[in-house]
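Next, two complexes with subunit A in common: one pairs it with subunit B, the other with subunit C.
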Partner chain A sequence: MASASDLQEQELSFYQGNIHSLIAPENSISLILHEPANYPSWLISGIIQQSISSNNECYLSQQSPAYPKTPSSTFFYSFSETEQTYSKYFLKYITQNKSLFQFISPLTDSTISIESWNKSIITKVKETKTKDLTPVVILESPELLLSIIPGLTIPKLLTQIMEIQKYATLYIALSTDLINSSELVISLLHRSSIILSLTSLTTGRADDISGVLSISKGPIHNEDINKKLVSFKIADRQFVYFVSANGYVDQWFASVSMPMKLIIIGLTTVYESLEIKSLCGLFTNGKKSPEQFDLSMAFIIFRNILEIHAIKAMVGMLI
Partner chain B sequence: MSASVASPTILLNRIFSLREPCPFILVTDTFIQSATYLTDELITKARSSATDLSIIYLSFETTHTPSYIQTGRDQFINLLDKDFEIILTKTFQNDSSLNQISNTRKLIIIDSLNYIQPNKIISFLKLIMNPSHTVYGIYHQDMNFQLNQSKNPSPSAYTYLHYLSSCVFEVKPTDFNDSDSLYNQILSNGPVFPLGVKSTQQPLFFIELTYRRKSGRSLEYNFTIDSSTHNYEVITLENNTTDQDDETLLKDLTTFNLGTTRKQREQRDKVDLPFLEAQKSMGSVGSSIVYEFEKDDDYDEEDPFEDPF
Partner chain C sequence: MSFRRRGDVVGGRGPVPMASNPMLNRTAAPAGMRTPMTRTGIIPTRGEGHPNISPVSLDQKSKEDVFKHLGLKPSIALSNINCVSTGTKDIDTILIHGGLPVNCSLLIEEDGNTDFSGILLKRYVSQGIVQNRKEGKIVNHCIAVGMESNFGNELPDIYAGNSKERKKKLVREQEGKMSVSNINAGNDLKIAWRYKKDPLAKEDDSISSNASDDSKYPDYNHDFDITSKITPSPGPTEISYIRLDGGYDHVIFEIKKTVERELKDKNKMIRIAIPYMLNPMVYGCEDLVEFHSVVRFLYELRRIINSYTGRITLMASTSSELFEGTNVLCSLENLIFDGVLRLVPFPHELNILMEKVYKTQREKIKQGYVDVYRVPILSGMGLMEKRLKEYSFKNSKSKFHIEQWSIPVEEEDVDEKKNSEF
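Moving on, here comes the complex of A and B:
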């Protein structure tokens, strides 16, 4: 029986024609927005792995050739999770240059004063920043600070985030469903150069698809931020992904376990497996240009209420 | 001089090159299609027409100085969560004394007007408005909430800004006409995800320009701007609310013939309606009911149903 795992895996890349596929230009904000059911631990782990790697290694783009790269210091500040959540990923993928990576949970770490959380980050970042290399900082769930710190307003929190941005390449992971975070989400959307969103399939739960990763351009142009490198052209596309259980059972997030596979065709649930396979066969014969892939993915993910023969007709026109 | 501007594209070019008298340009955008490309167009045009133009960038959300800010000539000022009155007074006090000597044009860019409290908008603009300044302010329509809550109910900041502006640009994606488009969903329900492929920050976008002349007359034009080729195209939006007559509404509605032929319509127009006929002769006696005895009427003095009047 055909399943999504038969499909061709794709390299995950946020930027077109850039070998460091997941690493954003310095001093930019990359926003990772997710729903509670689509936790981005697999994605964050991939970013960390590539950031600290000295040969551009990343488990999400295994097929890409090894390329020498200066490893960056990477700091992961999580306001919602402890290291336990990520331990499986860290054990498996954070193997190179381990000393460059630090996981910090400011809420459980008694040495950090929560009111001056950003100062402790800036101190660490400044220590490791060199002329040629900007450290990577990943903030997870900073929206919780609005509830934790008395008197902290959104403009104040944004000022603190901007301070960190001055010295680092910043990734911010936020949940879109948390109450009172929508104002912060919109404010950050206007400051980001890339928007990565993880959502469930609109058609419902599927056994072989965990969700959709959508990569979109943010309002800030990378050319403005990075005057040295202008090759950060965002690969505006969507992936469907599958995080398999592989024997691990996690009571809270079924998607936390590993490993994951990226597959390109977003057709599940609504169609019979046989039809999926015949359609996928049309796409994966290896003769299609990337532009056609984008087009077909958009069509299938967004117009999946259409009849299967209508899609087939469309596919026929594309090829 | 500006009254002679006939072509909308020429008007747009004149606004971009700061040759139209526009003291305050307001731009509204969303994160789906931000004003970044429009700002770039304006800066390029303004710089090429006035080489001595000096830019003051007032930042509420930009961390790094944009590439068009030249050190020495331009200024980049961060105002987020700071007392803008002190900073701006200091900036423009020095400036006004210098201005008397060299009267250089200044373009003041505000990257987001959303962070200013509605009751402070006027004082903010008062600090930066000046005859030699052109103010270019961006307002994010999807951030239509008050970040700094004030207790006094007052009109929204956007109401003030729209009223005070001499020129308004509304930046929209090209599919804004579609009621199901992401742009319309975000304006009504807030951000929705996933955003989809090639749906944000497209180089080809739509702008709605409202230009207010000094006379009070306001001109409205629509354009599509291709920022990759710097081409501006005037768009005439189709008016969908055309009046439909009964005939088109009834067409193909049922199997019955509900329409009328031309001959039937002509005959119908000739019919004198009774109430119109009655008013011709009765108008002279006001509102009273007058019984006119006709030749076939049988008048009976003892008729119990006789009109008592």
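Moving on, here comes the complex of A and C:
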């Protein structure tokens, strides 16, 4: 039987005891991984809504208290979707401070130069960044750039992403099913402070549930990034959610998110023990540049070892 | 007994369950109003920003500047989105919108050595050509990538019906002509219209919900007879063939040129067809199937499609067997195409079983599964629309029939066993 405390859990929140439930700390990377059939547009729309809101409004956590907050400029770069996909959510939920939000897609805007995509983002972000306020940048399907821009390699793309991270709070949405970008996913996984994964139900398609959202802690600790924001404690949990064609989204608390958490802890432990932390790009302070070594080669060499160690670590923890 | 108003939508009892249809009575959305964003992507606030976006201007625009096209119909699932028919009614239905939304692309994958997807592509092109003929002027221009003029000569024509239907049509035509006997017949109907059993009306009822839609958009889609050919064959004003000889850069250049030329006419729409995409017979085995160049080509194509709001659609077919588990197919499915369907012919054992079970009901024998991987726009919105082994298809002379799949049950064996026990 559902109790009042259960109802509290219906509110979607990435962080424990934090009123800005979906907004990540400054200059951090939040990774949104999704399966091909579970696109995160509803989640991204909620993040945008809260980011530009001046009273902490978010349609995914409607019962959270209205709290005055400074709205952040938000830039959403989608390389795979057009405005058509998001129009329902934007019309419905992006109602406050619209001028602070920009949706940019090279698919619809022929004036955008794809080759210099990150420079245009940085220019815009720099224009809006103030001492107290860091803009939010959301990138959707940046893995497409590896094919679209001739000669772009994963280390180069990572450098470009890290460059944006210096000036913005970064959310990156990636598909997990792409074979060629698995190295990119792993690289970003180890630079993220929070990992949000959207998966289908293991039992298959259902009429009343669209999928499962798992919230897990990433290997990067927020206090490492910004000493002021030690209170960002990630709420490891899972939600089942349902998206309808009219733009309404329901989510229900399912359980504490164990599998992803274990994998991340396992991998982090192994990385630390092998002392390849710097090699594998855990260098958010900017001390090392990913171009100093070939990340992709490093991962090809170590991936197999890591997987074995991660499984061992997981098994050990379960026992 | 219940009564419905004439305009109300009756729940479909067709082979494929239709989505609820609250927006069927909407008028077609004007071209150019589908996106709530400006070109730079800034959402305008109410009463400010881009003039195309504010609700007031939308209303004004819908009254003044509605893009009318006989091949357009509003989406069943989403407001302000128009669709074109794929040329196959049941494919339109499983795409949930009732067609392929404008500025969207659809990929038909096919397992095995069959060529059902090739037929679907021909129907898609034929639909555009037939609408030209119905309208009496060129309202659709088709672009066939990688094909030559033979492709246009093989396009199917409208299905004229079986002999009975053709006779009925003739009778109806005769009745439409003015004559003394017809006038008398008309009076007769007027007097006893409530009581007279009208076989034609009854027949229309049996077609159920589709009928009201068909009457509203009579030339939106048609049935095609795949054994017939459109005569006369479409000429260069109706279809352009773009060869792959000069590589993808050349293809993109040619498509851009054709699109710019054709869309100068504000009444035209464009249908781009890419049959047998990446098939070694057409594309060879080298540069044209290289992963990055394929993705770059299709991405550029998507940019072209999206640069003309409400005017272009794309449909492609490819063999999933040739590229199963490769980067190319994963990218096409996940990032490039808005809609993805896969035709999977039944394994031989299942064909044998169906032959056995449906000995006396041959029409129930299906040819394969239709798997839905991605539905345009709705999947991108986060709706879980991946449906595997839920639908089956059967291709016949006049129809590509899709219905919900159910496993055939061998009832005869059970009866035989019972008999043997006694």
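We take it that the second predicted complex is superposed on the first by the 232 of 319 C-alpha atoms of A that agree within 3 Å, B and C clash if a C-alpha of one lies under 4 Å from a C-alpha of the other, contacts with A are read in each partner's own complex, and residues count from 1 in each chain.
In this text, contacts are C-beta pairs under 8 Å (C-beta built on N, C-alpha and C of every residue); 3 or more make two chains touch, one makes a residue touch a chain.
In this text the structure is predicted, and so the values were computed from the model without any measurement.
Superposition of the two complexes onto subunit A shows subunit B and subunit C fitting side by side, with no clash. Shared-chain residue A:109: touches subunit C; no touch with subunit B. In the superposition on chain A, A:219 makes contact with subunit B only, while subunit C stays out of contact range.
In the superposition on chain A, contact of A:166 is made with subunit B only, not with subunit C. By the touch criterion defined above, A:191 reaches subunit B but does not reach subunit C. Applying the stated contact rule after C-alpha superposition, one finds that A:71 touches neither subunit B nor subunit C.
When the two structures are aligned on the shared chain, A:90 is found in touch with subunit C, with no touch to subunit B. Looking at the superposition, the partner that touches the larger set of subunit A residues, subunit B or subunit C, turns out to be C. Superposition on chain A leaves subunit B and subunit C with their closest Cα atoms 15 Å from each other. Judged by the document's definition of touching, no subunit A residue lies at the interface with subunit B and also at the interface with subunit C. By the touch criterion given at the top, residues 34-37, 39-45, 49, 77-78, 80-81, 101, 103-104, 291-292, 295-296, 299, 302-303, 306-307, 325-327, 330-331, 333-336, 373-374, 377-388 of subunit C touch subunit A in their complex. Those residues of subunit B that touch subunit A in the shared complex are 29, 31, 34, 36, 61-64, 66-67, 80-81, 112, 115, 140, 142-143, 145, 147-148, 190-191, 193-201.
Taken in their complex, subunit A has these residues touching subunit B: 27, 33, 35, 153-156, 158-159, 162, 165-166, 176, 182-183, 185-187, 189-191, 195, 197, 199, 212, 214, 216-221, 223-225, 227, 236-238, 294, 297-298, 301-302. Against subunit C, the residues of subunit A that register as touching in their complex are 36-43, 76, 80-91, 94, 98-99, 101-111, 141, 143-144, 146-148, 150, 175, 177-180, 200, 204-206, 209-211, 243-245, 247, 249.
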